[in-house]
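Chain lettering (A, B, C and D) follows the sequence in which the chains are written, and residue indices restart at 1 in each chain.
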Amino acid sequence: MALIDLANPTRFLALASRVLPWLAAVTAIVFAYGLYRVAYAPDDYQQGATVKIMFLHVPSAWLAMMGWGLMTVAALGTLVWRHPLADVAVKAAAPIGAAFTFICLVTGSLWGRPMWGTYWVWDARLTSVLVLFLLYLGMLALYWTADDPNRAARAAAILALVGAVNIPIIKFSVDWWNTLHQPASVVRMDGPAIDPTILVPLLVMALAFTLLFFTLHIAAMRNEILRRRVRSMRMMQAANA
Amino acid sequence: MKTDRMQLICDSLACERGGRQVFAGVNFTVSAGEAMVVTGRNGAGKSTLLRVIAGLLRAAQGQVTLTGLAGAADEASLPEQAHYLGHLDAAKPSLTVRENLTFWADFLGASGDPAIDTALEAVELDTLADLPAAYLSAGQKRRLSIARLLAVKRPVWLLDEPTSALDAPSQARLTSFMCEHLAGGGFIVAATHGPIGLDAPRELRMGAAG
Amino acid sequence: MTAFTSLILRDMRLSVRVGGGALMGALFYFVVVSMIPFAIGPDLNLLARIGPAMLWIGALLSTLLALDRLFASDHDDGSLDLLTMSSLPLELTVAAKAIAHWLTTALPLVIITPVLGLMLNIELSAMGYVALTLLAGTPSLTFIGLIGAALSVTLRRGGLLMAILVLPLTVPVLIFGVAAANAAIVGPAPFGPPFTILCALSLASFVLGPFAAAAALRQGQE
Amino acid sequence: MSLGPHASFIVVAYIATALVVAGLLIWIVRDYAVQRRILSDLESRGIKRRSQREDRV
């Protein structure tokens, strides 16, 4: 990722201003194409048209996990290399990752209702995503309550790493927990091997979502850099007054 | 504000804290336009006396009354007629300077926006008005507290070490605010270690008599 | 602007700024309630049966824990001294702070309740009633917790002590809140009587809470 | 394109996603405008950052 080369926030700002319009345009085009493909994708023989929800659900699930992965890498940047942009990257990724996790949960339960007859089951997969969502909320709460960005940076980096270690453990324990108390009513969705007519739109949508994530992330990082600049200028203002 | 006949009377005041007598038998009368300086060594009860007058601590004995105020029950109204400037500045770090002052002006008795702007100008915080108070230094926070005394008109000023954290120009400005306040018929009771620049204030020595 | 409304607005503004506590109560509630199924297992029928009780316990804990710093923060920076030196009676000052706290902390909690009800397998129609009981009941939790918040300023030990002091006082609210919610979901008892009592408890705490809290604060000035 | 018997769920899912994404977008764009405005305000008052020549965050 180019983040490593861009140690200088000013250079990052300049690059972001140049890249963002193009990135946004490409995102919009890929989205339009993806939605077009989705509209003409055939229905699943078991799930009918509701399979269309999958084109939102699966990419956002993928981004929910990628978001935390990105935060983990950036957290290493904060703690190990003391990279000036690393914490900015963590902080900017948290609300976006949380939003995609939220989309994943909402679309999942809207898909679950017609398929399983209920909006929510305490199924291992759903529950792991819920725990991931709670971790994201914790991260946001950490940033809300801390007024000193430098101290918040360390705490958030540690939380990101602990979360990264913990998510597999949580996933494992939830799987195990769920096999003990498998509710009888749940229909498992072991669908058939994915047909290319569905796979291609899914991949296009996944690409569109990923592009959207990075567009938003770079824009949010730019905001965060400006926010810190405001902070340091205000400190100068108070000191000079 | 009609203050000509007003008097702040302290009658054989005593205060206990944690079973220990901090002071006893404090008597004084301050008339409108007069300042009184409370001096004494550390622990003599200067701050405690001010807090008792402000109604923030209960007196074990005796009472403080503000007489001559038109149309108000005397004793109950003293805290409402007084400004207390303590060691803490009551500034919320996440609110801006103006928001902090506007709140206290609204809460302590509305004065309107012009009063706030003039008060901020008087303490030279007008350039920082939109800055969150978290960025202020100790002296700037103290000046924000002083702006409160100017934005809301109250006859009695109870000042506890008002000059602490202030630099020389700010101290001089505070002195001029106090002179103006006295000239307008106000009262000042100030606890202090050093001179606060008022000429010939009355002095109450705490702890000298035991 | 009157002193009363300006204090409400200041406290609400403080809670949405950096370091403020808005939404923290709702977040705590969300986390606590979604932890409970991990403890009792993903049995949807069981969850539906004990769901209202879990929601109420979650609301109780998050309301009380969020109240912890209500007066302590004003005490620490000297604001509390000035708040008592106003022509506004201390009872009303205290009530204004409680109202602001309820609006920023407890109201979001009530709003997210339907989402949690979904996860606990509570019927869509019944969920509205559960949220309604919380809407009627959380003010009394805030106003009873207010007493504990005032006492903890006096005693200089917040947090756990406050919960120990106040939790027993909230027993009636809990009983009638859960009773009303259960009546709405499983019946056969009617929803009306326990809900009316719940509203009465809230109204009574509007009166009792500020007086007791103001008395505790005055006591704390020693 | 027919959405079958569960059309409302599909539509709601797409609308919800669109709303969340729009919310994020609006927040980020507004935040950018706000920070820019404060910065230009501070700059117009002649305030410089600690090290104007070598930029830091």
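Quick note on the criterion: contacts are C-beta pairs under 8 Å (C-beta built on N, C-alpha and C of every residue); 3 or more make two chains touch, one makes a residue touch a chain.
No experiment lies behind these values; they were computed from the predicted model shown.
S.K.: So which chain is the furthest away from subunit C, centre to centre on CA atoms?
M.R.: B
S.K.: Subunit A to subunit B: how many Å between their CA centres?
M.R.: 54
S.K.: Go ahead and note the Å separation of the Cα centroids belonging to subunit B and subunit D.
M.R.: A distance of 47 Å separates the two centres.
S.K.: Report, in whole Å, the distance between the mean C-alpha point of subunit A and the mean C-alpha point of subunit C.
M.R.: Between these chains, centre-to-centre, one finds 32 Å.
S.K.: Please tell me the distance, in whole Å, between the geometric centres of subunit A and subunit D computed from their C-alpha atoms.
M.R.: Each chain's C-alpha centroid was found; their separation is 15 Å.
S.K.: By the touch rule stated above, which residues of subunit B touch at least two different other chains?
M.R.: Residues 93-94, 127 of subunit B each touch two or more of the other chains.
S.K.: Which residues does subunit D have that touch at least 2 chains other than itself?
M.R.: Answer for subunit D, listing residues that touch two or more other chains: 45.
S.K.: Would you please write down the residue numbers of subunit A that are in contact with two or more other chains?
M.R.: 147, 234, 237
S.K.: Hey, which chains are touching each other here?
M.R.: Every pair of chains meeting the touch criterion: A-B, A-C, A-D, B-C.
S.K.: Can you tell me which positions in subunit B touch subunit C when the two form their complex?
M.R.: Residues in contact with subunit C: 17, 54-58, 79-80, 82, 84, 86-95, 99, 103-104, 106-110.
S.K.: Can you tell me which positions in subunit B touch subunit A when the two form their complex?
M.R.: These residues of subunit B touch subunit A: 93-94, 124-125, 127-128, 131-132, 134-137, 140.
S.K.: Over in the complex, which subunit A residues touch subunit D? Could you list them?
M.R.: Its residues touching subunit D are 8-10, 39-40, 43, 48-50, 52-53, 56-57, 60, 84-85, 88, 95-96, 99, 102-103, 106-107, 110-111, 113-114, 212, 216, 219-220, 222-223, 225-230, 232-234, 236-237, 240.
S.K.: Can you name the residues of subunit C that touch subunit A in the complex?
M.R.: Listed in rising order, the residues are 18-20, 23-24, 27, 30-31, 34, 37-38, 41-44, 47, 118-119, 121.
S.K.: Write out the stretch or stretches of subunit D touching subunit A in their complex.
M.R.: The contact residues of subunit D facing subunit A are 1-7, 9-10, 12-14, 16-17, 20-21, 23-25, 27-29, 31-32, 35-36, 38-39, 42-43, 45, 47-50, 55-57.
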